[in-house]
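Heads up, there are several structures right after this.
In the two complexes that follow, chain A is the common piece, with chain B as its partner first and chain C second.
Then we have the complex of A and B:
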């Protein structure tokens, strides 16, 4: 504007840099802690430059886990990956199908179906945990991937997002494919899916992060340590709360737990922003 | 808005809806109605049988001082987190909106904490402020504060507020930045030509025009603190010390699991459902109307 731009820009850089440092500092400390042995961390004088034990910490964490929990974090990461992928793919599949039905067909109870789905937007899993737990237990799904995944894909975000997107697709496209003799299946496969690729990808990014970061649900339904996800596994490593807690292993696990979703956000930033903004509308 | 061109089929739409309907009914409506039903039942001491007790669970709940304390804790927690994270991210977003060189990089460096799980965020912060080994605990002790979030309820609450704020800044930042970029530059230039300085422009033009975003974010932040901070609380304090950081959601979990009081836990779930539905209704009502002055 009319003011001296230079000083205002310097101030802006300063504020942003301070912000970034504050935001990054806790993670920097975690990365540092993953390069020291436990004694150095516990005496409270951890240096602010990396130490020499990174390789052995990561090796031990991935393949052997903590001395008390003895569960390799590699397995936990595998479980988290299955859960996150299952939630993301499952949500996309069921919601794109139901959005297709609601937008491109007229049938009795259409709006009822839409509202039945829509209301699920309002209630997060946290408010109905015990009854859901009981149902999953009755179905024999405790300690299974199905039990981890299915209850979390019952949500309306995806359906609403696809519905909104389908509404913006011109009617002429459907008329044209009908003239070409395409049925519902052909139109869905050859027109709708290709047009929706960006929306699908954006939803995938958001749901992958959501699934990877789940905490309360896996905490309740996994009893076997071989079914644990990494986000709940880390708590056991820190929770002994005495001086003997293996903080080097715990912080190595924390770094490993942050890595996949953070990489997704950094490298798919455009899709991430699109997904975040649109699922919240 | 309705489509003009549609397919006609008697069975296909139902088949397409079937997967989502089945999952929604089994894992959503069924448990939600169970929660409501259970909140009217009371189990005997051995969990062998239960009888219908009407609103007894609710009455007992509202007689518990702990329930009011959890309510106050939740209100304090959510107001501070909403206030701090909105203020910080608005400041950062206004700076990032200035067309700086390398602006995209700054944006990337500010938004990634969104991807960190709440429980992991909690672990990072308890590590940083751990009473004996935390890197930042020493400076606090040096200035004469006996810092111990594991024994002192106020310290524990401060730590929770900090970690929850840290985690939420990136989300608010993104939405504020999008809101700022949607404000037409001509309006701001006109004010600048009329001689109003940057601060005045911010408070009289930019801030009012941002009010729909701000309002939307306030509601989202409150919902976030209510539900998503479960992982942070469980990792940092476990609701302690002495229940001083137990929020409403944490109490549902703790009463049902540790206390085994399923009726009481269900009654709390129902109250939470009502709160969320109210918040969502407010959000839809006012966000649609575009709050502006």
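Then we have the complex of A and C:
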């Protein structure tokens, strides 16, 4: 029995290890490639231990960029950061307010409003991309942060998430607030937001990564290289017509592009768990 | 301090459902009024209308001399204790109690003084920094009461505050609520479906059913002289036995052919009129034959420790008798019952109203 269990454990570890290797190896390869010069990578005999050019590659990438993207990756990261933060924060603000309205206020066409928001779930950016582009262009928002952020804020996921959460908060809490002299805004600020921290954190993580990884929309509406995001930058770096692709710079950029989402997940997860443990309705 | 006056208060919900059908009631300043009734009788709705959490469809609610129909809950000078306590989960006990005062712009030192004082009264001084989830049910209950006390309101409203506690704690908190209300002298309105709570706590007991008041009185008045069959069977545990009977003459009714003497009987009832005879299980003497004897066939016995409940049938109707343990052999198959004439209640089978002396 004991013997048996040990073999089973070994088998489980084996399967898990294979899985991890499959997922992690390309990532490791990218990190590795960011520590060699381009010649070593191109000749196809890249060693499996880090090389000597890390500092040089990262310095070059962050502050000067590659030949084809012509912008320092630092600028691209800054653009991506603004876009991802803008989308995450904007979406949280809009959806928590609209969920608050839908759940706690009785006004004409309340459910109609809710269903209209709900229906937008079926219309992701890709589906409405032409009319959205047209509107953004007409508003003169091409090559602006507003143009990058605004159209991606409009979606129903956050509203639904907050609505479901608000519905689980007992009505007595609202009534107690009323008796305690808290109006709608005070109730929102003093009770709903503190109770929603976990939901806010979850939504932030999801939306930050969603915003950071956007490709199609920034590709359409940014033409200036100073406005391009890091995801677009990677694509441009791996593509060159008459020269060798700068794989060392491209891989360094890829590693840099992975960093913020990873940090967000690692940092927010702590808040996440803390929120889960501490909040009680 | 102020009393509360209800003048033909109505609540009509969407779809023309009338939850409260014109209730009029005067609650004296400083008294403890308990609204009791089965679920759906409108007692909670009535309380919530006094609190301002439900709109008033008709009539007037007065706190003191002020009609408060259109006044916001926070401006009515009331405080409410909820069934599930409704403490703010993310705030400390101190902040929970201070929140209402903060919102009113009470100065900080005053808030601290009042919270400390309330905490002392309720013996929760050591928990002020804790969060509600770190407290037991009884402690949460105290915090909820503390939140009410610090506001120094004209009226306390309690919405079944003890129903989430276990039986032992419920008895303990019941006594504490009563003691607290006596000490503070604040008019209190308390909603419950538990008739023991209702009897023990109230100065003024209001029995409700179907959105209407069935009877108002002191607990002993309601117990001794129930005005309707509903009140008779609702107040008292185990409930009053109701037997079908007939009028025989002044002060005399018959049940299953046996004559029973009655003290409290309306004059002028024609002999032969059908009538309902109410006998409380604890008012019936079982065992030896007496002046007005009924025979009961025993089905089974419930042991309650100090007393035993004999279940069976009298004149074809279900009947329960309460007797001290050991007074009657538990294997008795048949009992002879006698009743004091003063403990017989008569009701009209049609209107269910009491047929007592006017």
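Convention: the second predicted complex is superposed on the first by the 258 of 281 C-alpha atoms of A that agree within 3 Å, B and C clash if a C-alpha of one lies under 4 Å from a C-alpha of the other, contacts with A are read in each partner's own complex, and residues count from 1 in each chain.
As a convention for this text, a residue touches a chain if its C-beta (ideal position, glycine included) is under 8 Å from a C-beta of that chain, and two chains touch if they have at least 3 such contacts.
These figures come from a predicted structure and were not determined experimentally.
K.L.:
Thinking of the overlay built on chain A, is A:270 touched by chain B (first), by chain C (second), by both, or by neither?
P.N.:
neither
K.L.:
Does chain B (first) or chain C (second) touch A:153, or do both, or does neither?
P.N.:
first
K.L.:
Does chain C touch more residues of chain A than chain B does, or is it the other way round?
P.N.:
Counted on chain A, the partner with more touching residues turns out to be B.
K.L.:
Applying the touch criterion given at the start, work out whether A:127 contacts chain B, chain C, both or neither, answering first, second, both or neither.
P.N.:
first
K.L.:
Tell me which partner A:189 touches in the superposition: chain B (first), chain C (second), both or neither.
P.N.:
neither
K.L.:
Would you check which partner chain A:175 touches, where first means chain B only, second means chain C only, and both and neither mean what they say?
P.N.:
Both partners.
K.L.:
Just to be sure I follow: which residues of chain A are touched by chain B in one complex and then by chain C in the other one?
P.N.:
Correct list for chain A: 172, 175, 178, 280.
K.L.:
Touching chain A in the complex: which residues of chain C?
P.N.:
Residue list for chain C touching chain A: 51-53, 72-75, 78-80, 82-84, 86-90, 99-100, 103-104, 131-133, 147.
K.L.:
Within their complex, state which residues of chain A touch chain C.
P.N.:
Against chain C, the touching part of chain A is residues 170, 172-173, 175-176, 178-182, 186, 190-191, 194-195, 278-281.
K.L.:
What does chain A use to touch chain B in their complex?
P.N.:
Result: residues 1-3, 8-9, 11-13, 15-16, 19-20, 22-27, 29-30, 33, 41-44, 46, 48, 93-95, 97-98, 100-107, 110, 113, 116-117, 120-124, 126-132, 134-136, 150-151, 153-154, 159, 167, 171-172, 174-175, 178, 183-184, 187, 209, 212-216, 219-220, 231-232, 234-235, 238, 241, 243, 247, 250-251, 254, 257-258, 261-262, 264-266, 269, 272-273, 276-277, 280 of chain A touch chain B.
K.L.:
Which positions of chain B touch chain A when the two form their complex?
P.N.:
Result: residues 1, 3-10, 12-14, 16-17, 19-21, 23-32, 34-35, 38, 88, 91-92, 95-96, 98, 100, 106-121, 123-128, 132-135, 137-138, 150, 166, 169-171, 174-175, 178, 188-189, 192-193, 197-198, 216, 220, 227, 230-231, 234-235, 249, 252-253, 256-257, 262, 265-266, 269, 272-273, 276-277, 280 of chain B touch chain A.
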